[in-house]
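There are two complexes below, and they share chain A, which is joined by chain B in the first and by chain C in the second.
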Partner chain A sequence: MAGLGLLDFGFEFVEIFAFVVLATVGLAVIFGMMGIINLAHGEFILVGAYATTFSFAAGLPLPLAMLAGVVITAVFGVVLERLIIRHLYGRLLDSMVVTWGISLVMIQLVRIVFGNSAPGIGIPFGQLPIVDGPVYYLVLAVIAVGLLGGLYALFMWTDFGVRARATMQDEETARSMGIDTDRMYASTFAIGSALAGLTGALYAPVMPITPEYGTGFLVEAFVAVVVGGASVIVGTVLASGFLGTVNAAVTNVAGTFMGQVAMLIAAIVAIRLLPEGITGLLADLREKRGESE
Partner chain B sequence: MSVDSSDGHLAQLRRPFEGPNTLGNSSAFWAGLAVAVALLAAMPVVFGYYAAEVGAVFLAYALLGMSLAFIWGYCGILSFGQVAFFGVAGYAFGIVAINVSTLTGATLGLLAAVAVSTAFAAVLGYFMFYGGVRDVYVTILTLVVALVLFTFMGQTAGGEWAIGDARLGGFNGMSGVPDLGIGVGSVGLEVGLVGHYYVTLGTVVATYLGLRALVNSQFGYAMVATREDETRTEMFGYDTTFIKFAVFTIGGAIAGLGGVLFTTQNNYIDPSVFGITAAALPVVWASVGGRTSLLGTVGAALAIQFVDYQLAISGSEWALVFIGSLLVFVVLVMPEGVAPRLHDHVAEYREPNDPEPAETPAATDYPGGDD
Partner chain C sequence: MLEITNVHASYSKTPILRGIDVSVETGEIVGIMGKNGVGKTTLVKTVMGLLEADEGRIVFDGEDVTDEPADVRARHGMGYIPQGRDVFPELTVEENLRMGETINDGTDDLQYDAVYDYFPILEERRDQEAGTMSGGQQQLLAIGRALIGNPELLVLDEPSEGVQPSIVQDITRDLRRVNEELGTTILFVEQNLHVVQRLGERCYAIDKGAIVDELGPERLESRDAVTEYLAV
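Right, the complex of A and B next:
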């Protein structure tokens, strides 16, 4: 019996962890690398979800439909970056306000064009044995972990990653070293958008698709970014782990909603104690160790 | 409402409300403002009950907008969650006034609602500012608080979510909220439909004047200094953390007052006041009107909500598209907002000599911050 409870908790944790990671990752890449908080993050997710369902409804197999969702969102993100966002680099608050305006417009446009609901997609892969829940959630968790690993490799180990990080750290110097910084901004924004699109695509079978679909991801995404702090990928992992544990534990005892509340309270306490986020704490520790060595 | 604050020996009276932190400091400005208030006061007489009903809601929104302009424009705290205080006060009023019937309930409700929203802002502000949470994170946290309240109030549909006789009602909202009133038992003043409009208008004017006096006081200078350079202000010996905390709390109180006036006008409140769209509106008003201009924000709130309302009754779905596009456009083209920009133009135009009286007060001359 206790074993089964533990299994339930484990499954709950995996489900919530995957959700927090996937909800956050696109936002975190754009924020961590470019210093822009994209308030239209939810609507990027929305674009991914709509592109996926409509491709699926048009007869594309699900993986291809999801790919279409990712590609369309990435293209959408680049267009928006070139048209609007690039004027706002270095104007943090303005960029938040503008992306919020974009979000309002998009939610309403989607409602006008597609109405209040979209065709659904069944959850693939069927149910798990023993624990009550679909296999699909485990797949999502595997994808989430793979994504984090891939991003870490991309930004830390590849030539592109070095260029991108150089651009974000010191644009002038990077440009004088021959890096096309404009292209770096655009491609980082494209990666962030594609990730948001992927989230929308992956959750299209799980959540009912309405114009407010994207809003459902916002709380988790914002909380995780704030708790995670400036260092994107490590921050996302740690914050998702922390918030996922709290949320899953409370959800198990008191239901989904209280789980969310507990997560928020945990986040507020965490921020009260660590205003620089978890990775801020890590950086402090590293500095201290460096000094004592 | 002192409508006749035109010229002459009233200069003495004007002094506390004038200073470098507000834009409109000329006689023409005050005359224009008096005309604008008189016009607003004439609304119910000219257009009837219906205008009073709708206008009171817009004016309640104007209070909400002012609360944001005050904390963002003057102290640099961008809160995306002012609606949280607005809505919490609305619900608090409803809970108290439904349970304690008669005028005692309405009076207690008003006090309780403003107390609750103020305390809520104080607790949140304490956690954020004394915890060292910085600018963007404040913005995000306040938004998250509003969104969580949205989810929370949305799931209170069940019968167990009742406080006394007041059903929270989930997404259906809380209905049957009594009108505003002041008194004990059945002795006192019940505020009717038109009365409510004038109470709201009076509150807006009083809040506006009060905030003007505040931002032009010593405390106001410290606020603006905190906005401009927090570290330097701290070096001068100001407790910037306390300043931000106090400003945020005052902002919460004003938003709460707006929430009470909003809820008592509609006799109803639902969770959509906490939703992401509602949360965006104060930001739109302050950005478009000019966050360093209290009156600009009020003007933008009234104008934008008026257009929104007109579009809504004509059955158009394009209101939000319009509002969102307007926001993007204004931030890209004139980041400081319409009112400060207009003020610059007017100042340039009448540079050499003394001003001519302004003809459309709501659009020519605005008070606001030193940019």
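Right, the complex of A and C next:
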């Protein structure tokens, strides 16, 4: 029985960890790399979900429908970046106000165009044998971990990643090294948008698709970005792990609602204790160790 | 190789450069000296395309680059070492050098061997974060980074600033080697007497945004002739 309890907790953790990671990555890339707080993040996810569900309803196989969701959200992101967002770099507050406005407009627009609900997609792959839950959640977790690994490799090891980080640290110098920084920003924003689109696509079979679909991801996404701190990938991993553990542990004994509450309380405590996020704490520790050498 | 003709530039309507004429021949080392705040950095940024010229023309390698953005000019073969060096602090030394690869994208002749030969410390510290190095080492990194893409022209903004005197001598010697061995043309701005006298083959003097004098090798030998334009 204790073994089964542990298994339940394990499954709960995997489910929540994957959710927090997937809810967060797109937001974290755009915030961490470009300093833009995208309050329309939820609506980018919404675009991914709608594109997926309508492609699926039109007869595309699910994986292709999801790909359509990703591509359409990326294109949507690039258009928005070129038209609006690029005028907001380095203007944190303005970027928040504008993206918030975009978010409100989009929710209403989706409601007007598509009504209050969209066709559903059944959860693929069926149920797990021992634990009470769908196999699909494990698939999501594998995707989440793979995505983190892929993003880490992209930003740490490739030419693109080095140039993107350099542009973020010092745009003018990057430009004087021959980097088209405008294009760098547009590409990074496209990646962040594509990630949000992927999240919308992946959860389209799981959550009811309504105009408020995107808001279901916001709490986890923003809490994880703040708790994680400025370092995009490491921050997302640590914050998702921490929040997932708290949430899963409490959910297991006291139910989903209390799990959410516990996660928010843990987040508030974490932000209070670590104003720079977990990765800020790590940076401090590294500096202290360097000084004492 | 570089022709700057009647260049004017300003910051939000405050005119800083008032008709600059400077010309640099291929293979030369040319200095521009002047005191604090006379417009040296403004001139360098205008040359690099980081600041738009209000008037005048900049021709590089036979091509009018006046209206080209900074990244395009860099890819034509201009390597830039900003004042205060501006290495990417959170990138490693090697990643900083990698950033220089896009300079002069005509060549696939990357200069890692030469750069590690001139500045062995950069190879030793390849994996160190650039921001944790000393000022002098960061200056070497900034020079190395600009050299990686084998630029035709190297533009340096006060390479001696914040660097201890013994390292300044090393840097001066290294830049002369670069000029001789790689054939890189060098344009630098300075207010350090040692660098002006030892590095420059020819030097312009700038004051209040205008070129006020040009010194050949003989006058550069004379301490008095040079210090007239410096704050020493």
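Following the convention adopted for this analysis, the second predicted complex is superposed on the first by the 293 of 293 C-alpha atoms of A that agree within 3 Å, B and C clash if a C-alpha of one lies under 4 Å from a C-alpha of the other, contacts with A are read in each partner's own complex, and residues count from 1 in each chain.
Basically, a contact is a pair of C-beta atoms (placed from the backbone, for glycine too) under 8 Å apart; a residue touches a chain by one contact, two chains touch by 3 or more.
Every value quoted in this text rests on a predicted model; they were computed, and no experiment measured them.
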{"item": "Chain A as common anchor, with chain B and chain C clashing or fitting", "value": "fit"}
{"item": "Partner chain(s) touched by A:R272 [first = chain B, second = chain C, both, neither]", "value": "first"}
{"item": "Contacts of A:D94 with chain B and chain C, given as first, second, both or neither", "value": "first"}
{"item": "Chain A: partner with more touched residues, chain B or chain C", "value": "B"}
{"item": "Which of chain B and chain C A:D170 touches, first, second, both or neither", "value": "second"}
{"item": "Touched partner set for A:G126, first chain B, second chain C, both or neither", "value": "neither"}
{"item": "Which of chain B and chain C A:I102 touches, first, second, both or neither", "value": "first"}
{"item": "Contacts of A:G59 with chain B and chain C, given as first, second, both or neither", "value": "neither"}
{"item": "Overlay on chain A, chain C to chain B nearest C-alpha distance, Å", "value": "20"}
{"item": "Touching both chain C and chain B, counted on chain A across the two superposed complexes", "value": "none"}
{"item": "Residues of chain A that touch chain B when the two form their complex", "value": "37, 42, 84, 87-88, 91-94, 96-98, 100-109, 111-112, 215, 218-219, 222-223, 225-226, 257, 260-261, 264, 267-268, 271-273, 275"}
{"item": "Residues of chain C touching chain A in the complex", "value": "48-50, 69-71, 74-75, 80, 82, 86, 88-91, 95-96, 98-105, 132, 145, 149"}
{"item": "Touch list for chain A against partner chain C, complex", "value": "159, 162-163, 165-166, 169-170, 172-181, 290"}
{"item": "In the complex, chain B residues that touch chain A", "value": "78, 80, 127-128, 131-137, 139-141, 143-145, 147-148, 151-152, 155, 276-277, 280, 283-284, 287, 317-321, 323-328, 331-332, 335"}
